[in-house]
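Two complexes come next, and they have one chain in common, chain A, joined by chain B in the first and chain C in the second.
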Partner chain A sequence: MGKYVEMVRIRFLMMLAYRTNYYTGILIYAINIAAYYFLWSAIYGGKSSMQGMSLGQMTTYVAISWLARAFYFNNLDREIAMEIRDGKVAVELIRPYSYLGMKAVQGLGEGLFRLFFLSLPGLLVVSLFLPLQFPGHAKTWLSFGLSLLFSFIIFSELNLLAGVVTFFTFRNEGLLRAKRFIIDLFSGLILPLSFYPDWAQRAMMYFPFQAISYIPSMIITESFKGAAVRDGLLLQATWCIVLLFPIGWLWRAAKKRLVVQGG
Partner chain B sequence: MNAIEVERLRKEFKVHASRSGLVGAFRDLWTRRYTIVRAVDDISFAVKQGEIVGYIGENGAGKSTTIKMLTGILTPTSGRIVVNGMNPHKEREKFVRTIGVVFGQRSQLWWDIAVQESFRLLKKVYRVSDEQYRRHMGEVIEMLEIGPLLDKPVRKLSLGQRMRCELAAALIHNPPLLFLDEPTIGLDVLVKLNIRQFLKQLNERYGTTILLTTHDMSDIEALCERVIMLDEGKIIYDGSLERLKERWGQGKRVAFTFAEAVTAAFLRQLTEGLNVVWKKGEQPNVWVAHVPPGGVPEVVSRVAARCALNDIHIHEVPTEEIIRNIYEEGAVHG
Partner chain C sequence: MFYVSVFFQYMAQYMKTKLQYRADLFVEWLSDFMAQAVNLVFLLVVFGHTTLLHGWSRDEILFIYGFFLVPYAVFGAFFNLWDFNERYIVQGEMDRVLTRPLNSLFQIVLERMELESLLGAVPGLIIMLYAGSRLSLSFHWYDVFVFILLVIGGVLIYAGIFISLATISFFADARTSIMPMMYNISSYGRYPIDIYHRVIRYILTWVLPFAFVGVYPASYFLDKEEWYGYVFFTPVVGAVCFAVSVMLWNAGVRRYRGTGS
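For the complex of A and B:
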């Protein structure tokens, strides 16, 4: 356990090593949310509600989606791909820990750092200018926290899966980029899923993407209530477990196929 | 007990062979041709505890591939490996606690953070107690003279400084077996000496078994009593360095600097019957005689009697040349 905590600490140190990145990070976050706010106010154009959401709820939805994204988002897939491409994976494999487990912990360290030192300050700045509505119930916040943790796990699992594919293909930047856009689009980050046509919504029920962003955001804006919250959390938990299987299976096959490049 | 036991170890890679030209590139989109390359070809050897073994060979001979199989990174195609009593890739996480590895061409320290932060993480990873760390690493840090570097980020260290820190990082858990893959590549003479001296001390004090690959024969001469030589995935020599030198490096090299130009034919005639081979030196008017054992006085006196000389150098056959000769002439069985 100690080594994983230590790795989170190291990740914090690495994030702090470059201060400029840190400050521009807050700025980018604030600009992003402001841009979406103006876009949505134009779309609403005086209408009081669309698909059951008011402009205030929508703004909050967007702000929260990006806050959540700062936490669950990581580049584990690219990191794995890079380590395989330049052969650094060899160094990781001579350490007495699980490679994928340590990668996931590094993602967690990065996520926690961004959540507390990037998004929260960013959100504070944004809330000075935009009318955000946050729920008062402790239970909603608790469910949201749990849901966010699931989001992180699912997102990281998908990234590990994509990363391990590099063991077989060596170069898969295209695949990784496509995966990133698919997640941004189908997870409900850019547009709440209730705005998609019915057939698309039904199709998405079979993919893990909505469990990443749509569910936590619907919980915090209290668009999900009672049983819907419970079902959402259950769906997320299921995906967390289901995704473990292909990872374990691919990883075992990948280790046999590993070729360390460059000497 | 043997630290390393390897039996009929083999590793094959599937290499994608590209077709040539534009048409070939399009055909590659649909079907690809593969060729099987055998990087390590049925090798067997054993290393006793406390030995320092030099593992040498040209680029692409299969050295690094062997090391990567011995450290559990790569899965062998076939054959049996037992290192520290374990099968490296089967029990990887437990196994790697008993070895230390340094890859000369890759860093295992974290680039953006101070060296001591990396050490601290590794200390946690290998579950080393504070007491153990202070005692053992105190010594290592002192011997490698890296105390003042500990609070600097790795990216600000010179190559020599970094390499010493890498070595210390590999020894945090005081492993009984150390793999060094080209540890002195690109280092200056002083740092090389420091590292060699350190490895010797380590071997004497803790009985650490060391397997090292290098292209620098002076490393081998300074450290190893035994060498294993590899060529195209096969072991072509396994035995003591002394014996290698005796068999292949007998005799002396005598370099004459003549006052005026001479011809090869003239020199050959001069030393007829002495079994001397003459080769032209790199500078003008320099000729090098390859003289068999005991022949040096006669050769020198004959040449000096007939020619005006500016200088004479006598030296032993360097190990590098022995190795080169072996590669040029093919396999030896020692």
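For the complex of A and C:
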């Protein structure tokens, strides 16, 4: 356990060394969120609510989903794919730790860094000029925090899954890119799932994507209340566990098949 | 002339390597297509809930999006600089490039070209035809040339901005997360510029002139006369953007010292 915590710390410090370019990152995030805000104002065009959300809630939704993304986002799939291509994975596999576990905690280190140096200052900057609405209840914040942690776990699990697939395909740039766009579209990052047509919403119930962005953002905007919050968190928890199985299964198969090309 | 012949030689090599991995080529094309589908789905879903966006109709916005895809596809085919830092600075590939008697930027453009991205222009043209016919837009013979001119302007703007971003790697040797976010910001040039606050309008016009790759040039074909001034400014902005980025690049190359590995 200790070595994993240490890895989180090392990744965090590694990112800290490069912190200067996060100042520009904050600015660009702010421009991005502001532009989104105006786009949504135009879409609302004076309507007081759409799909049960007010413009204020939508603004908060957009700001929070982008800032939350800074926390849960990582490139573990690409990193694994690159290590397989370079042959570095051979060295990684003989080290005395779980390769996938180590990747996951590296992602956590990066995520924590971006949470403190990008998301939180970004939120501060954005709230200066956008009418964000935050809930007053501590319980909502706690649920949001928990939900965000689940987001990270599910996002990382999907990345590990895609990364492990590289063991079988060697080149899967296309697959990784496709995965990214599917997540952008179906996670609720670019628009809340409640805006989609009913049949699409029903279909998305069967995929883990909404657990990444839609659920935490709906919780923080208080669009989910009471039982809906609980159900959302349960759904996330379920996906966290369910996704472990295909990863474990593919990973065992992958280790047997591994061919290191040079290295 | 030398540059032209080098260009075609690179292109021939490129074709050979790409055809080696045909399955991957197909998946890559599919993922490009999906990237565009994300934006299209966004527009279609949003217009399922509203009919006008600040006075612009669904078909007009679709037309702008279709137009945008054409310069974007050309840009994507030739200016793959998003991993410039990793590939050329951190891994030291830049040293190899600089030893050759050919402009370094030109070499990198050739090495990283992805001609299959040009296919991305096809959905763009289809969307323009679809939206254009629903809007019953008038079309003149010279519009083809205007279109080509505006597309070139758009490509140069995109190239200029992303080359400038890549040159940051020469000055600050750190990984930067700016590029992916910039791709996001670039998408705001596709929406009617008048929906934004004037600060953002100013940024999208003069600082990061992405509006010149979407809404401004497209409004020529949509007969939005109030924007005509901006329409014909597109090639000028493109040329300026590109020239500035090349100057920055050359300054960066002079500062380049290599990572020493």
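Annotations for the structure displayed:
Here, the second predicted complex is superposed on the first by the 260 of 263 C-alpha atoms of A that agree within 3 Å, B and C clash if a C-alpha of one lies under 4 Å from a C-alpha of the other, contacts with A are read in each partner's own complex, and residues count from 1 in each chain.
The rule is simple: contacts are C-beta pairs under 8 Å (C-beta built on N, C-alpha and C of every residue); 3 or more make two chains touch, one makes a residue touch a chain.
All figures in this text were calculated on a predicted structure; none of them were measured in a lab.
Residue contacts after overlaying the shared chain place A:174 against chain C, while chain B stays out of touching range.
Counting residues of chain A touched by each partner, chain B versus chain C, the larger count belongs to C. Touch criterion met: A:87 reaches chain B, while chain C stays clear of it. Using the contact criterion defined above for the overlaid structures, shared-chain residue A:98 touches chain B, although it does not reach chain C. Contacts of A:2 after superposition on the shared chain: chain B is touched, whereas chain C is not.
By the touch criterion defined above, A:258 lies against chain B but remains apart from chain C after alignment on the C-alpha atoms of chain A. Where the contact sets of chain A with chain B and with chain C meet, they give residues 17-18. Residues 13, 64, 68, 71-75, 89, 92-94, 96-97, 99, 101, 103, 105-108, 110, 112-113, 117, 120-121, 124-127, 153 of chain B touch chain A in their complex. If you check the complex, the residues on chain A that touch chain B are 2-3, 5-7, 9-10, 13-14, 17-18, 87-88, 90-91, 93-98, 255-256, 258-260, 262-263. Interface residues of chain A facing chain C in the complex, by the touch rule stated above, are 17-18, 20-22, 24-25, 28-29, 31-32, 34-35, 38-39, 41-45, 47, 50-51, 171-175, 177-178, 181-182, 184-185, 190-191, 195-197. Looking at the complex, you find that chain C touches chain A at residues 21, 24, 26-28, 30-32, 34-35, 37-38, 41-42, 45-46, 48-50, 52-54, 172, 174-178, 181-182, 184-185, 188, 191-192, 195-197, 200, 203-204.
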